Structures are given as structure tokens and as C-alpha cells.
Amino acid sequence: MKKEEAIFLLKQMMQIRQFEDKIWELLSKNIAQGGSHLYAGEEAVAVGAISILHPDDYITSTHRGHGHAIAKGGKLPELMAEILGKATGVCKGKGGSLHLADLSQGNLGANGVVGGSLGIATGAGLSVKLRKAKQVVICFFGDGATNQGIFHESLNMASKWRLPVIYLCENNLYGMSVSVKRASAVEDLTKKALAYGMPAENVDGMDILMVRKVVKKWVDFAREGKGPALLICNTYRYYGHSRSDAKVYRSREEEDLWRQRDPIILFSKRLIKEGILKEEEIKDLEKKVTEEIEEATRFAMESPLPESSALYEDLYA
Amino acid sequence: MHNREITYRQALHEALTEEMERDGKVFLMGEDIGPYGGAYGATKGLIEKFGEERVRDTAISEAAIIGAGLGAAMTGMRPVVEIMYIDFIGICMGQINNQVAKIRYMFGGKAKVPLVIRTEGGAGRTLGAHHSQSLEAWFMHIPGIRVVMPATPYDAKGLLKTSIRNDNPTLFIEHKMLYNTKGQVPKSEYLVPLGEAEVKRKGSNISLITYSRMLLYSLEAAEELERQGISVEVIDLRTLFPLDIKTITESIKKTNRAVIVEEDCKTGGAGAEIGMQIMENSFNWLDAPIKRVAGADVPMPKSSILEKLAIPSKEDIVKAIKETLR
Amino acid sequence: MKKEEAIFLLKQMMQIRQFEDKIWELLSKNIAQGGSHLYAGEEAVAVGAISILHPDDYITSTHRGHGHAIAKGGKLPELMAEILGKATGVCKGKGGSLHLADLSQGNLGANGVVGGSLGIATGAGLSVKLRKAKQVVICFFGDGATNQGIFHESLNMASKWRLPVIYLCENNLYGMSVSVKRASAVEDLTKKALAYGMPAENVDGMDILMVRKVVKKWVDFAREGKGPALLICNTYRYYGHSRSDAKVYRSREEEDLWRQRDPIILFSKRLIKEGILKEEEIKDLEKKVTEEIEEATRFAMESPLPESSALYEDLYA
Amino acid sequence: MHNREITYRQALHEALTEEMERDGKVFLMGEDIGPYGGAYGATKGLIEKFGEERVRDTAISEAAIIGAGLGAAMTGMRPVVEIMYIDFIGICMGQINNQVAKIRYMFGGKAKVPLVIRTEGGAGRTLGAHHSQSLEAWFMHIPGIRVVMPATPYDAKGLLKTSIRNDNPTLFIEHKMLYNTKGQVPKSEYLVPLGEAEVKRKGSNISLITYSRMLLYSLEAAEELERQGISVEVIDLRTLFPLDIKTITESIKKTNRAVIVEEDCKTGGAGAEIGMQIMENSFNWLDAPIKRVAGADVPMPKSSILEKLAIPSKEDIVKAIKETLR
């Protein structure tokens, strides 16, 4: 791995982590309002997967979408401003945390509805096929979303039509408070692909290099017109589902176990071990990211709220 | 004369054909629209003409049909998707309401959703409660989506073409009892604008506001009343959202009385909104309460005799007009 | 097989066949109006499967529901009257062909929506479990319905909760005009059960004894509290999807091939071969059924239409 | 006094607890209603009290939740199922519209569907377009299902208990901004009948017709206007379908003026039906057009400032009343 690339990946993971920690802080201080589902802990998935894509490839994201937006090239100040509902936000303050999107970057949007973007991703794949383009779509969704009807309909359609879509499930063991064990009749979620004759793989979602390796294989596959795949990236969200979540449904031991496999630490250690980066450099990088986050926060907080006149704008083309 | 008589079905078929020929981004997707030609025959022959890529038979997966249509629309295509009966639209209501209609606004205007959802509704074939509904009112209540309901072959063709070229999502609702009706349609290209009602018959004593199949009943009622010396102005809304309140208001300022004729269940139906807007705009011009002639508040019963009772008849319209003029 | 039982099964299949042929005739003469999806060709499935059930067990049916209604004990005159929209119909003329139901017989109803009764069947199974009853539910649906979201959600729920529901798919190769091949990413529909860790089996749906054998196994399994199963009964509908269907999507050769395995002839031959019934007896039975159907038709045609006052009745309890 | 002050949340909790204790057939099913206690806490502790069989956490499968609730209701149980946000109800709209609401009628009255669908709606927490909707109007337009929207803890408890005991399906819509509001609730058992509005404040100059959270704003507006010498009668509908037009009509015969306050998007909203029924019943008593103070016709924007603009404020209500009295 080239140093540049390592820095790129590590930095993006740090950006997401610190971004989320900052949002948590802003939520606690009531500066950020409304729901925010934080991505901390799952950084290797978004960063690893999206780093495989070309700029004009598409992603669809979820209610836990900050990480995807950052990895797909979102600007931190614009994203932060959006979450605070500011006019300078990427969606002009109309979307908020649950609806971060930027079509110019190929981010077809976060979604407040679980499973809400599975159809969209499938349609984007169809569009690619009809336009005879060479783009690929990564459709992110959670373990909980695999129990939604539209998961079933979309995967069937994509497989039948060989659409270039990677269905990437972020299995963080819980859908809100309900564990995969309690919600899903099969615990190994790759089994769900059997119903569509679709290839599927379990992936260590805490190891960014593993994520990249597997995603690359299937993105190439899709780009060659060979069809979709279902990837189950096993990961963990550090925060509760949302601010008010007391996390009664999981144990502190379980949390600790997963934190021992923190994707940023894991990758950092590896880079140090392989002599690609020095500890010092990593610390510097972290500081730089902190400054970026502070800058983004400053920008967001100082940005104006939307004008009243914005209420009726942007609805119709 | 460049006009010919063609059916509503043919008019739709021509609109689809012409737009697909004009723009390679237009494609069709839905259940049994390929070799079968669509449940009501509007897409017959299109798969032979345009091929399987652009005329896509799907599995019975309404939510994915809409979702995929949306995703394609957001990424450069202009899909025309079909939900076979509007009765099934509940299955994909989440996709329409939360995704199709809202995405542009939620994204600060940064998305474009040129998606047409063609579907069909209404009673008249004794198909019972799952194949006879009129659900337009739900969609009038969803900001972000246009609701179009043509009553004549001319409007069907012109409005479908406009809808396909429009960059906003449109719900295009046909009526199962209209496919075989005939009307004058020019050979040369034309468009009918969205959001404009049309006075289909001029009159001076009362304004009859209606749309879709009920236009036919309304015109019959107007004719009958003409013979009795009552002059009825019949307004065909054509587009339910946005509603052309201007045309309605102008008519009412002239007639001072209004009756709304709608096939959907009365309570919470399209007529409630239409009537309320009239009240808000023309209260001082009204000489009598606005009446609604509407469908019964029941699921559509199968039995032909009950089905007829459950939707407005010409007699119901005549009666309501007379009561309003009393 | 006891003679009595053989007669019961054969007669019911004949009733369905002749009932459907009669409806076809009434449709052609415009005496029956509206949609009617005919079950002719698939008799072995409904009769075989339902013959395994106890009277207080439940079924849910489909838009192609005449056969299920007859097999679950529906009276021919009441069913025929319902299809003609008469006041004497089993649903007082309000339901029609698409909504035949009789809760007193455990028939939770036909359904005009493809996949529309999968949730209901699952809930009936849950009800059985909560009431600690020993009933079983057979949920009928078509191959086309397996691509509906609610199929996915229902099977997951039933499997996770081990509900006593047999999901019985009548695979007649087409959903309206679209073949299983074109609609479904997997052609062997039993594969869909893998996504729910649910047992599944393909069944020869033209052979009533095979249907009975397999259904019995899984009904017993469900009754013992061991959970649901997915059975794919491979069969064929003789008529088009509905009256107006020109059947352009399938060949006359295919139709002939399936008719060679006609479930009534198959069973009749076997009964003769095994000496259980004589050809004569079978012919007599057929005649008797013809009389029943004529009687039912007479009853239905002579029955009054509903009173106008019925319009607003039966909506609220 | 046997009254106590409890929150709306507690009131709901008590209703569920009491009905589950009273009738073993009542059970709960939904997402995160178990150990988590429900997204807004209304089912907290119930799984510990009644066990996993009767308090069932489900997968995220809204259509199956409703479908299974219906199947259980048809076969002897009395399910209370939860859809976490009404925003997601589109996903199960097919089940509600075609199955839950229609089955009894389609089967000639031979089925009984004692199913309660609890859900929650409304804006106020800057959650954006997918977590802030008010969709009651859709359900007023579905014959066969009751629509209940309590505004106070007293009504929440009494109406939920009645809904659970009722043999018809009920959509019970709570409001996210009301869970923490407090009110007097008797300790002893009581029921609130479905279909009855309540005059929450007597007045003589104008009738304010409202429901759910907007009752609170309406009462504030009435209080402010009282100080300015305007006497406002505030009617809380409580049940939207069936609508208690009698109570509304009586009030209007007295005041001759009406304003409707509703949080949902104006076009095609509940207020349209309410207003139209008033017009049909009381046209000759009306001295001014009925006004609607309603939500903006846009998806709910995230930004707090826009969110506030998108729903009625006390000021909007005061203004509308003054305009109507002019």
C-alpha cells in the first residue's frame, strides 16, 4: 500500500470518527437537534468500500449516513451545516442528518426509512445498464433492513436483470434494540442471497483492507456486467441507536470486545508495523482532522438558518 | 381535417410510442406490459417495437417497480412505470410518499425526478373491492407529486406526453371504463399542459366540477338538464394537483352555484379539497352550499347492482343540481 | 386407500373442475361478470392439501380461489351465487370471485391482491400459538406472489416464531403472463426458503396422493409446534389467466403436455388400476357432480340480487 | 379527588396495562416495544410484566406486522400493533387499505377485526421529512377503519381502552410532542367513546375545530383572544372518523363562524373534509368563509426555523380568527 493511499484511508476514517464524536457533543449540548444516528465504529466499511469506487459511481446510504457522505466526498462544513439545519448545508438545511445527499458526487442520499434506498439503488443500477455506462452502485443498508419487503423485491430484480449493484449490508448486530438473532430467521445473513441466486460473502467490517479486498472483487465483477452481490460487513456501532438509547439490549462486555477491534486503531497499528506510517505521523494526522472538524463546526454554527422564503422552494423542478 | 377518432387506449399507446421514439431515455417498466400488452392493452406491441430493454416486464413487486423507477429517474433516465391497478398502490405507497415525492425537496432541490407512474382506477366492471378503487385523494395530499386524470382520448394523449417530458414525478391515473371510449385526436403533435382545467361545456346556471369518467356522466346530465332549461357549465379538471382553482373560480363567479362530481369515496375525497378551495375563494359569490355527488363510503361491492349504487349516476347528478338550484 | 376417501377426493376434484368449466361458460355468456381466475388443472393441490386438515384448521386463499373454497367445505350454490353477485352468496354478493371466504369453515378468504393473504395466514398462525391451540394454517399463493415483499416478511416472521403455517405455493409457471423464469431470479422456488432457514420441498402438484403425502408430513410437523414449511406444488392452470387472456406467452404444446398429466384422470386411472373404483362408478360420480353443478347454477341464477339497503351494511361490527 | 396528573405517555401505558390485565386476548406487537419500551416509551416495562409472548418485538417488517395483526384479529385475538412512526405507514398501506379495512365488508360481515394500530405522528423535533408527517387524511378516506387522535392524557387513556375493546379496526395516532404533556386522569376506570368530539373551551364568537397537538395551540390562541374580548369555542374532535359533525354543527349555529386548525399539509388534508361537511350542514348559518390554518404543502424541512413555519403557530391561529371575524 502506498503511503498516500494509506493516509487517505486513515484520514477519512478519522474524519468520520471525529465528526461523529463532535455531533454527539453537539447533541448533548442541544446545539444539534433531532435524530442523528452515529457511524462511529463502522468507519472501515464506508471508507473501505467507497474507496474502491470511481467518482461517478453511485452510492445509496441510510439513516446512519454521515460516514457514507464523508467517504463519497462530502465536504465536512457542508455536512455539519446540514445536520444543524443551516442554509449552507449540502441540502440547504432541508434534509438534515437523515437525508444527507449530493447527486453531483454520486451520493443518491441517506434515507430516514429503513430499506428506503434499496429500490433507488436498484434503479440506479438499471439506469447504468440502460445507458450502457460502466458505473457501479453500492447500496448500503443495515441488518435490520434485510427484513423489509423491498430488500426481497430489489435483490430479486437486480439478480434477474444482472444489475451492477453491490448490496452492502452493515451488520452491526442490532436494528435499533432488536438483535439479528431475534429479528431474522437466519443469523448468517449471506444466506438471504440464496433466494436470489446471488453471490454473497461475509466480510470483517472492522478491517478496512479486508473490506477493500472483497468489495473490489465484487465491484469489478459488477462492472464487467456479471451482476450484483450481497456483502455482509460485520461491524459495530459504538453509540446507542440514537441519543435516547439506554442500550439495555446489549452488554458493556460486548461493547468492549468490539472496541478492541476498533477499525482505526487496527489499521493504524498495521501501518506502523508495516512501516508505512510512523506513530508521530498518525498523531499529526489526527490533529489535522481535529482542526478540520473544528473548522467545519465553526462554519456550521456561524452559518445562517434558511430564510423563510426557502420553505416553498426546491419542491418542483 | 387532421383529426381522427381513436380510443383512449390508442391515444395512450400513441403517446408512449411517440415519446419513446423522441427520447431514448424514456423506457417502460411494469407487470405484464410486454407480450401481454398491459392489463388494459395500452402497451400492446411496444415490446416488439422497442425491445425488451426498454419495455420491461417485471415480477409482481410494486415497491421495487416504483423504487427502481425513482433510482433510474434520478440518474438520467425518464421511466414510465405501471402499477396495474391503483388498488395495489398501497403496496408501494411508502416509496411514492417518502421517496418519489420528497427526494427533491429533502435534497435541497438537487435531484430531478422525471418519473411517470401510470395506473388505472375506478369501478364499473364488477371486479369488487380490490380492483375498483379511486384513490386520487391520497396523492393530492402528498406535496411533490402531480396527479393527472384524463377523461378523453385527446387529453389522455396530450397529458401523458407532457407528463413524460416534465421533470417532476407524476401519477397518471387512467380509468378502466374509458379505454374503449373514442374521441377526436389530431394526427399532428400536441401537448396538453399540466394544471389546467378545461370547460368542456359552457353554461350559466351552475358549475359542475368533475374529472375522469365522471365527466361523461356529467355531460349527459348537463344535456338532459339543457332540455329542461337549465344551463350547466361542465369543468373537467384533468389535473387534480396542482388544482386549477382559477378556472373553477371564474365559472362560479358567473354561476354562483357549484356541484362537484367525483367517483371516489366521499369522505376525505378529492371533492372535499375542491369544495373547500371554492369556499375559500368564492364564498361571497356562492348562493347555495356546494354539493358533492360522490362514491359511497364503503369498499366497492362486487354485485353489479350495488356497484352502480356505490358510484354516482347521471340521475344523482341531475338531482344534486336541481337541489342546488332550488 | 379406503373407497370412501377415494370418492371424497375424486368428487371434490370433479366438483372444482366442473364448477370452473361452468363459470367459464357463464363468463362467455356474460351471465357471470367481472374477473374470475379459474382453478381448472390445479385441483389436486387444493383438494389434496386441504383434505389433510381438520375442520377447524385455517386456510388463506388467492385470487384463484374457487378450488380452495370448495375444498374447505364451501357449498356450491352459495359459492356460485357469490360469483354472480347474488344476495344468497357466501359473502352476500359483496365479495365475488376474488373474495370467497367463510370464516365459519376456517377459510380466511380469497384475496384480490397478489400476496395479500400471506400476512393474514402468518397472523392466524400466531393466534393459534398464542391461544395454545392445535390448529394449523395452510397459506395458498402463486409463484408470482413469491416476489412480493410480504412473502419475505411473512416467512421470516413465521420461521423465527415457529408458527404453524404451511406456505403452499401453487407454481403454475406463470404470474399472469410472466413466467417464473422471467420474474424470479431462482427458478427452483424452494430455494427461497433458504433465506428463512425454513424446510421446503417440491411437490408434484398433479398427483393428489403426492400432495397429500407431503402436506401431511409438514402439517404434522407444524401441529407438533416444530414450525412452518414452504411447499412448492408444481401445477398448471388450463385456462388463461382471465377471460381476456390470449395466452401468447405459452405454447399449445406446453398446454398439451400438462393436460396429459391431468390430476383427475391421473387419480381416476390409479383408482381403477388399484381396484378401488370402477370406471362405471367414476362415470356415475361425474354425472352426480354435473347435477350438483347444475343445481348450484340454477340456485345462483334464480337467486335475487342484494337489496339496495345492503350497500351500507356489513361494514362495521 | 381521585384525579392525578399523569403524562400522555403514562396514560397510554396505563390503558395498555389495564386492557392486557383485563383480557388475555390482548397482545402487543411491533418494533422495539419490548426491552426498549417503544420509541416514545409507551410500552416500557410491559414485556417484563406480561412476557415475551404477549409483548412481541418484531423485525422491521411493517407490512407483516399489520398483516399478522389482522390474521390474529380475525381468529380470536385482540392485537394492538405499533408502527413506530406514521411516516412508515405507507409501507403497510396496502395491508391497511385492502385487507384490514375491507375484509369485513368483502366477506359480507362475516369477519370481525378487533385490531388497534398504534402509531405516532407530527412535527416538532426537527426530524425532517421522514419522521414528522401527519397522514390522518388518508385514513379518513378508507371506509372501514376508525381514526382516533387524542390530544390529552385523559382522552388518550380513555380512547385507547375503548379502541381495544371495539370490534372494528382502529388507527390510533399519537403525537410525538404530547408524550410528556400532563393532565388530570382519574384513578378509577373510565372509557371515552369513539366518534364524539368534545368542546374543550366554551365560547360564543367563533368555533375553532381542531385535534391532536393543535388543540394546545388552539387553546393558547383562545386564551389570548379572550383577553382581547373575543370568545372562542374550541372543539377537540378526538376521533376523525367517524366525524362528530353534530357537535361541530351545534357550535357553528351558535357562533356562525369557523376556523379549522390542523397540522397536516393543507391540500387534501383532514380540514378539507371537515370544512366541506360544515358547508354542507351549516351553509346558511355561516357568516364568513371557513378558514383552514394548516401545515404547508411541502415535505417537512429539517431546519427548526422552517419546521416551525411549516406547521400552524398560535399567531397563525389568532390571525385567522381575526380575519374570519372581520
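A, B, C and D are the chain letters, set down in written order, and residue numbers restart from 1 in every chain.
The rule is short, and it goes like this: contacts are C-beta pairs under 8 Å (C-beta built on N, C-alpha and C of every residue); 3 or more make two chains touch, one makes a residue touch a chain.
These numbers come from a predicted model, not from an experiment.
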item	value
Chain whose Cα centroid lies at the greatest distance from that of chain A	C
Computed distance of Cα centres, chain D from chain C, in Å	40
Geometric centre distance via CA averages, chain D-chain B, whole Å	30
Geometric centre distance via CA averages, chain C-chain A, whole Å	46
Multi-chain contact residues (two or more partners), chain D	58-59, 61, 63-64, 87-88, 91, 94-95, 98, 105-106, 128-130, 143-144, 298-299, 301
Multi-partner residues of chain C (each touching 2 or more other chains)	91, 93-95, 99, 111-113, 116, 147-150, 153, 156, 160, 182-184, 315
Chain contact topology (line, ring, star, complete or other)	complete
Parts of chain D lying in touch with chain C, wherever the complex brings them together	27, 53-54, 58-59, 61, 63-64, 66-77, 79, 94-95, 98-99, 103-114, 143-144, 166-168
Residues of chain D defined as touching chain B within the complex	63, 87-91, 93-98, 101-102, 105-106, 128-130, 135, 137-138, 140-144, 241, 243, 264-265, 267-273, 275-276, 279-280, 283-284, 286, 288-292, 297-299, 301
Touch list for chain A against partner chain D, complex	33-35, 82, 85-87, 91, 93-99, 111-116, 144-145, 147-149, 175-178, 182-184, 245, 248-249, 305-306, 308, 310-312, 315
Complex interface listing, chain B residues touching chain C	31-32, 34-36, 57-64, 87-88, 91, 125-131, 296, 298-299, 301-306, 309-310
Chain D-touching residues of chain C, taken from the complex the two chains share	58, 60, 89-95, 99, 101-104, 108-109, 111-113, 116-131, 149-150, 153-154, 156-157, 160, 313-317
